[in-house]
Amino acid sequence: MESVRKLFTNDRFGAHNGIDLLEVSDGRAKLSMEIRDYHKNAYDTVHGGAIFTLADLAFAVAANSHGRVAVAINAHISFMKAATGGTLFAEAEVVSANPKIGAYTVRVTDDGGDLIAIFQGMAYRKRDSISASPE
Amino acid sequence: MESVRKLFTNDRFGAHNGIDLLEVSDGRAKLSMEIRDYHKNAYDTVHGGAIFTLADLAFAVAANSHGRVAVAINAHISFMKAATGGTLFAEAEVVSANPKIGAYTVRVTDDGGDLIAIFQGMAYRKRDSISASPE
Amino acid sequence: MESVRKLFTNDRFGAHNGIDLLEVSDGRAKLSMEIRDYHKNAYDTVHGGAIFTLADLAFAVAANSHGRVAVAINAHISFMKAATGGTLFAEAEVVSANPKIGAYTVRVTDDGGDLIAIFQGMAYRKRDSISASPE
Amino acid sequence: MESVRKLFTNDRFGAHNGIDLLEVSDGRAKLSMEIRDYHKNAYDTVHGGAIFTLADLAFAVAANSHGRVAVAINAHISFMKAATGGTLFAEAEVVSANPKIGAYTVRVTDDGGDLIAIFQGMAYRKRDSISASPE
């Protein structure tokens, strides 16, 4: 899991947008994002891109937890409820994985436990092990 | 189009992530994002969340160009090629729109013209006109 | 639930493709499809369209179980494992629903319990009650 | 293209549902489906599963036109307008393809030219050439 944590630490877009890693285990990850003003759109709700980024990073951590470099092929997100503040949480879990392709589901909830978004992502596994990734 | 431009100007997440509005017309929008270090993931390529945010904002501008408040219901993004630098462009266009629901396609390209991602989004139109949105 | 059952009975495409309704309750439905030769593609596996149809019909039954006419806006399906025979099952459940829009997840499994596909669908609810639908 | 045509001919689910192949060329395909009563749902419109099947088969033909076995990983479909009769057409074209993964867009229109659905699919290419597929 150390290499995955380093992967997270080196993710500058996650850092730029205030995302924290809470937990990672085989095929699963939990991240959080404390909402600040810069996460908002013109309607004063959390931007879909911020919610996607949180979910996508949870997906990336879970997908890379298996120890091989996994890159996102595509993702689908459904927005259930507008988020306005507090902290958002993303919990990713593997749905199905073979040596080449894995599918992951991420649930984004607010701190009241309400479902904000559901994200489904597919990743393609490269031959490289994560240790080959940039430091 | 003035109200849509204001909508964009008030989008703090877009500003935080360096996104510029180039063009907007009825049902269409073109935006750009100059890649900086903070857009990168641990693999030194542009983060999927950054690409999604650019596409999502192009979608939002195009969807709101019709003059009624439109909120994203869901979105699907396929990543075609890793982006590493330069400027990315997102061009959104309406595919189909009725008074309640509209579908939009966004193509994200790099400055060599290569396709980086395809995004398909659906928006639900509220009864409010955009002038009712927060200033 | 009687009106939903009638809805299913009147679905000619489901009947044409050998789909059976096993259970329906508020926001949930379970259907089955016994695989026959006509469900196959040229690779002798079950056609993606057959799997989608089974999932889509489970989604429709679950979405209409709330008593108002619901029509599909869009759907996303990920294929996990090729199916070759036996009986496939689709279990749909509501993920989130407000008066206008509902999201549903459907899991398609084979008779060994393996996951064949995951389907995520969104439905838009009309004002009509189901009793207004064609007999 | 001969091997792709044979692939289509051997697709029993397409035949069972009245789908015809009109054209195929490198990375593109056009198919049609004359609407019959068995394509309908309980609302007397064409079933989403029938529309998906038409689109999916156009996608499969286009994806396999490159000469290597390609299997669908996932697909996203947005329903734009209810179809009630006549003939539906699906036109698939490759959006992006590398040796392992290809993305395709399919537009489904009715015989008045109206857009019925948009389909986006991803395929994974196996090492086998199509000639290795079942006869």
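Order as written gives the chain letters A, B, C and D; numbering starts at 1 within each chain.
Note that in this section contacts are C-beta pairs under 8 Å (C-beta built on N, C-alpha and C of every residue); 3 or more make two chains touch, one makes a residue touch a chain.
Just so it is clear, the model here is predicted, and its values are computed rather than measured.
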{"item": "Furthest chain, CA centroid comparison against subunit A", "value": "D"}
{"item": "Pair exhibiting more inter-chain C-beta contacts, B-C or B-D", "value": "B-D"}
{"item": "Chain centre separation (subunit B, subunit C; CA means) in Å", "value": "32"}
{"item": "Inter-centroid spacing, subunit B versus subunit A (mean Cα positions, whole Å)", "value": "20"}
{"item": "Cα-centroid distance, subunit B relative to subunit D, in whole angstrom", "value": "29"}
{"item": "Two or more partner chains touched - positions in subunit D", "value": "73-74, 76, 78, 122"}
{"item": "Subunit A residues touching subunit B - in the complex, by the definition given at the top", "value": "6-17, 37-44, 47-50, 52-54, 56-57, 60, 69, 71-79, 82, 133-134"}
{"item": "Residues of subunit C touching subunit A in the complex", "value": "76, 78, 80-81, 95-96, 103, 105, 115, 118, 120, 122"}
{"item": "Residues on subunit B engaged by subunit C in the complex (per definition of touch)", "value": "73-74, 76, 100-101, 122, 124"}
